[in-house]
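There are two complexes below, and they share subunit A, which is joined by subunit B in the first and by subunit C in the second.
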Partner chain A sequence: MAMTGLTTLGSSDTGAAGVESISNILVVILDLNISWWSDQMESGAIRNGVSSSHASQQYSLAFSLDQIFIFLNSYLLIQPNNKVVVLGCLESQSYFLYPPTGDASGPAINDSRPEAFRMVNEAVLNSVRNILTRELSKETQNSESSHETVFIGALSRSLCYIHRLQREAPKGQLVNGRVLVIETGLDSSSHYMHFINTIFTAQKMNIKMDACVLGEDSVLLQQAVDLTGGLYVKVDNAAGIAQVLNTVFLLDADERSKFVVPERVQVDYRAACFCHQKLVEVGFVCSVCLSVFCVPGPMCTTCNSVFKYMLPQKQKRKGPLTNGKTAEVSPSSQPAKRKTGETQRERNGNS
Partner chain B sequence: MAAVDESDQQGYRWETEYERTWEVLQEDSAGSLTSSVQDVVQGIKRRRLLEKKPNLRLGMMRHLFIILDLSETMRDQDLKPNRLYCVLKLLEKFIAEFFDQNPIGQLGIITTRNKRADRLTELAGNQKKHIEAVQSLKTTTPLGEPSLQNSLDVAAQTLRHIPSHASREIVVIFGSLTSCDPGNIYDTTNMLRENNVRCSVVGLSAEVSICKTLAKETSGEYGISLDESHLRDLLMAHVAPPPIGPNSEYFLIRMGFPQQKAHERLDEFSFCLCHLDQPEPRYGQPGYFCPVCLSKYCELPVECKVCGLTLVSAPHLARSYHHLFPVEPFEEITPEDVSSSQNQRCFSCLVETHSDKVALFKCKACQQQFCIDCDLFIHEVLHSCPGCAGNPAKSG
Partner chain C sequence: MTMVASDGYQSIDHKNLYSYLTTLPSSMLENLYKHPNPCLCMAIFRDLVPMAQKFVLRQLFIDQVLPKSALLAWITPDGRKDHDDAVRLLIELRIWSEAPSSAGLMGWKLNEHFRKGIQAVVVGGGPSWGGDVTPTAEETTPVDVAFLEKYARDQWEHVLHYLAGLKTRQTASHVVDVLATAGLVRGGNERDGGITQNGFRFLLMDTPSQVWRFVLSYLQTTQKWNMDLIECISFIFQLSFSQTGKHYSSSGFSDNQMKMLQHFRDYGLVYMRSGKRPSSRFYPTNLVMNLSGGASSTNASFAEGYIVVETNYRIIAYTDSPLKIAVVSYFSEMLYRFPNLAIGILTRESIRNALAKGITADEIIRFLRMHAHPQMRESSPILPSTLTDQIKLWEMERARFEFTDGVLYNQINSVKDYELLRNYANDLGVNVLSNNDKRLLVVTTEGHVPVRAFWKRQKKE
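This part shows the complex of A and B:
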């Protein structure tokens, strides 16, 4: 006790002053995209050359959920202060799966660990079942289903939740957050601004983002992982997800440096221009609203500012490499000279 | 001087009527003041949010000089442990916050003491350098009188050459009540106004006429800190980009979006230009290559030293968009409006709200309800509404 007292006095301006205990929170965002999971059940079995209904079960959501439970439970097991939060996202909606939001299953306080496992598993399973049945009944009405999932809503909600836990934590307790996104569907790029705001908030709160991608590679998640310093893993076989989760994502950021972890993915940070949605290496940016254009135009289409004149810096550099002053003057004086020369020549020709 | 004071709509605080601040607090039914105090605190927090004006043209490419008073008055102990330490601590936070919110902005620090002005750091986008410089000031002793004119001149020397599409700003942190100037300071203020330099002053002691004039002439802000938390608020108000000046011109700026090159390409011999001046330049590490001249840099954003192209990454630009498209303030729901059938949990943090105690706030766009803490968190840090973020109808 005396030691902790001394450290608090000694290092008053560092953030970690007087930390007595650390609790870790893992937020798992699970993509429940219906069309992907149903496709997966069919194609996964065919790809591996098995056609029996038993084998195709290996690629079902229920089977993967079981594997995710193994992961969640082992995470709870490795440290008593570990907590998990599970969010599900489906197309444009996000749901808290655990802790449960409904009034029916209020969290019963029970200290024995197996009970805690059961609580998490049952709550998640129940909520997933409810959501999917509700969604499937809706699906029959409008048969339009997409592979796109918007996980950004779930992401920002999880940040708010971690923020709340950090706020409510007793003095001396440090709350570390981490977010793991298990994504199946395709990216939806329509929310890029929300996405960037959320990622930078995570970066500021020192929350690492991990991504486990079951479907196509996700550019958004690659950026998120790179900006927050997490890990990105693409899993080809969803049936073996438990192994990946338990070997790669079980450990929190502090312990990761001691283990061999997957290499960082190279991320494409080129900007897409506002005019043609083309990725550009050199673009033109409006000084007022920072819109990116691939070709210079007379005015900004986003904020309607009329640009004064084009590329002042570039024109300056085109001048001869002499002193700054003469370089600025010469472009205006040269054309004038040429004109007089031309008129003289014309006169000569005429006479 | 008198003419300036008269023209002001609002006089000095001590000339206005006596405020009975304690009468705002009302005891609740249980005789406790806590809820009343809570209301006042919440009111103050939210007022800041509501004051923000959206859809102004903002000067996004900021060039800011901080002028720090290091005169003898900074040794005063009215801020704990003393003025200098308190200001330096807040300044570190300010710099971090500034670069977080304005990733393509640039900042420089000028100190003034003993009637002189010294350039502590040049205008640059590297956050670490500035913070280190500020930390190094902790060992210096504040001395003599400050010189407002000298330090403004030093700042103006650099700011004058910044292209006119960028915003030029000076924030003066001024503890002294006097200034020792070599010439007529009104010439300096006129020069600053003509050059579109926005000067704001944060005072630590009392109102000083010349600071007030300076801020007014250059359409900046002038604030006197009451205590440490007020000082922080005054300082942090300069984190958000200011509205663009009336005479500014709009330009298209050529920028490069370099790609980080993979490890395998680095078999080729390459070194970065940002660590050249250090005893051991960095070889063979991954970096960003300028798309025009292929020079390598360790970090973005940076201005290419070879071809002068501004190199940024797309997330840096996108990071600044929230200033232009802020989240609209949420509507407050009074306890009477909340019907018992509705979900009484905050949408994003699941905290259960008792309608009689904790106020709820509703997003106008997605109709979700949030608690006060999430409301503040969303507007001050997150800058995007969790309800709208998932909503396909209102994409950002």
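This part shows the complex of A and C:
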């Protein structure tokens, strides 16, 4: 009796000793791609002119922001120690919208929202306004803009932010981080390497990445979500952003086993090649550093290993490999074309 | 996460808002939701279990009855138990009522007033309820947050001082009333009732839990003073959602609200400058803000740590506060007293004394961990496990007997009858004790009625 008693004592104690309280932090990365939003506005205006139906498929930034605020407020409402951080992300830059970095003051409106909620909403709204006016004035000079948004900046900043909070948390307090990306534009594969490295960091930090896509399906985000075990949802109805966000993305990690959540999508594990930043289905892989290329070259641009192309007859001889300095990319008869997804998984296992 | 601390406090009534609200008549609840100030809906919402919160949020913008089958489709088998709990809770609080949906299926209807309240909080647009913040320019000498925290702590300790029987200052009569309502001191005509069992346990809790329970019994006490309960509740939660370090104006407050403000000043929930003419400005402190998260938000940000516990059961309290020393001496034997520290020792006797007062081992351990000295917190586990295990063992040795009410069946004549009866009791799961040699059987009191009925039927046959 006493012995069994003792073992239960010990286990219960260590369980409770580590964590005294848990605080949750949700980082929302908001895609503010100017050309996408303005395209939406224009096409929305045209369509609204033709058919006066308000429920068009087009998004307007102000309306979408309002819906996102509903989500943020709901998240803050659930628990007093829930915190949000909002990052905005342009074609090449990212900004902290909340907590605001610069002066984000605007007209203070008192309404039925609690002060803490209102502060978040106003700071985000004002920062978005400031950033967009600044960018739009710049935009006139070079009208060259793309629908692509680069997320790495915002992603790595959010991971750093969570990491800092975790490190600074008093002993016994656990900080749970989660990242939600609300994407509008198209994927940018130009920084694929950095992107996927950031995702692996998130995976290591045990941070789930969720993605809510307003525009086209995003291959990169699907990969990110799949690797970190998050949720991926594509919103079809512009008027229903808040409902989707509130239904799916309020659930925290341990609630997701209790609720029916959107199924995992079949993830397209195409990697971007290192030479032209294209997403390739079948590519050439350096056997030393696992870099992916769309066309075979004489040497690896990443690790500088010289590829020795062996002729078919040499294959029989099985020449000894000099330890890693020269590596065979492929016998030319059998090109080392591998599904890049496999590489990805290998890399995943290595990291 | 539901607070571990909430377990076993049944005797200190109403560990959270929910258990308090369910004692109210249903018309009262309806009136609470109707209150123009949505902070009440918000406070109740925060007190819901996570799954119930998600149900409400999903239904918030859907103006239809939610069919029960649709609700079940949201849930995986793992979540079934939580689902049942959440549904029960929502019904008890009258947030959900049963209604037929448009397709004729039975479903759940969200209380319209509650929906409006939560919508107002999340979406905004309604009238402001945070109180008017007067511009800072008016303030001649601003009050900083550190000062407010110290003020709140001092005032609250004063309340605890009274409870612990250490009289330092005159204690206001309403404090005594509230403590008596909570059953923390013996009430009655004689004011010096002394601390009760629950009072001891109350002293060992962390400050947010203490304030939370205190405020709930304050609400009960206001009814004795013939104050409007709804007005009181909404006022408290309005305060709890304010911002620390900011000041609010009390102009336009009703008499009741002014009265409460004066009371709260005594508890350290708000700070008001004392001057010749009454100031209309007040500063809510962190004590009242902790209320906004319900009882579960007792974020155990360790109170300032002062206790060092050694593996040799020696306990060193680096404090000169008589209150803290008094609390530590509830479960330890005090040995020495120095200007800045007191040393005691945990013995079987001292722990048993504490246990006899109704304090549980978990409460003692929690208290020690919560007030552990910063240097203690570096180690993991914070408290030496020999010590925590020993305290638990000392508690277990008091609980070697388990008492179960039951009914004895004996003098059963035949073995066959006995076995028949015993098997029936086993099947029902009401068999407490059976002795085959003496042919006697003890069943629980609930089991007595069916077993007797069975026996009578059996005898007829």
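We take it that the second predicted complex is superposed on the first by the 231 of 351 C-alpha atoms of A that agree within 3 Å, B and C clash if a C-alpha of one lies under 4 Å from a C-alpha of the other, contacts with A are read in each partner's own complex, and residues count from 1 in each chain.
Here is the rule we use: a contact is a pair of C-beta atoms (placed from the backbone, for glycine too) under 8 Å apart; a residue touches a chain by one contact, two chains touch by 3 or more.
Computed from a predicted structure; not experimentally measured.
Participant: Could you let me know whether more residues of subunit A are touched by subunit B or by subunit C?
Facilitator: More residues of subunit A are touched by B.
Participant: Figure out whether A:C89 sits in contact with subunit B (first) or subunit C (second), or with both, or with neither.
Facilitator: first
Participant: Have a look at where A:P262 lands relative to subunit B and subunit C in the superposition and call it first, second, both or neither.
Facilitator: neither
Participant: Applying the touch criterion given at the start, work out whether A:Q223 contacts subunit B, subunit C, both or neither, answering first, second, both or neither.
Facilitator: In the superposition, A:Q223 contacts subunit B only.
Participant: Have a look at where A:F200 lands relative to subunit B and subunit C in the superposition and call it first, second, both or neither.
Facilitator: It touches subunit B, and subunit C stays clear.
Participant: For subunit A, what residues appear in both contact lists, the one with subunit B and the one with subunit C?
Facilitator: Subunit A residues touching both partners: 13.
Participant: Can you list the residues on subunit A that touch subunit C in the complex?
Facilitator: Subunit A reaches subunit C through residues 2, 5-6, 9-10, 13-14, 16-18, 20-23, 70, 73-74, 77-81, 110-118, 121, 170-173, 242-243, 246-247, 250-252, 255, 257-260.
Participant: Going by the contact rule at the top, pick out the subunit B residues touching subunit A in the complex.
Facilitator: 57-58, 60-61, 89, 100, 104, 163, 165-166, 244, 249-260, 262, 291-292, 300, 308-309, 313-315, 317-322, 324-325, 343, 345-351, 373-374, 377-378, 381-392, 395-396
Participant: Quick check on the complex: what are the subunit A residues that touch subunit B?
Facilitator: Touching subunit B from subunit A are residues 13, 89, 91-94, 96, 99, 101, 150, 152-157, 159-161, 163-164, 167, 190-194, 196-201, 204-205, 223, 227, 266-272, 280-290, 292-293, 296-297, 300, 303, 305-314, 317.
Participant: Report the residues of subunit C in contact with subunit A in the complex, numbered from low to high.
Facilitator: Against subunit A, the touching part of subunit C is residues 1, 4, 38-39, 42, 45-46, 50-51, 53-54, 57-58, 60-62, 73-76, 78-79, 82-83, 118, 120-130, 241-243, 292-293, 297, 299-302, 365, 369, 377-378, 380-383, 385, 388-389, 392-393, 396.
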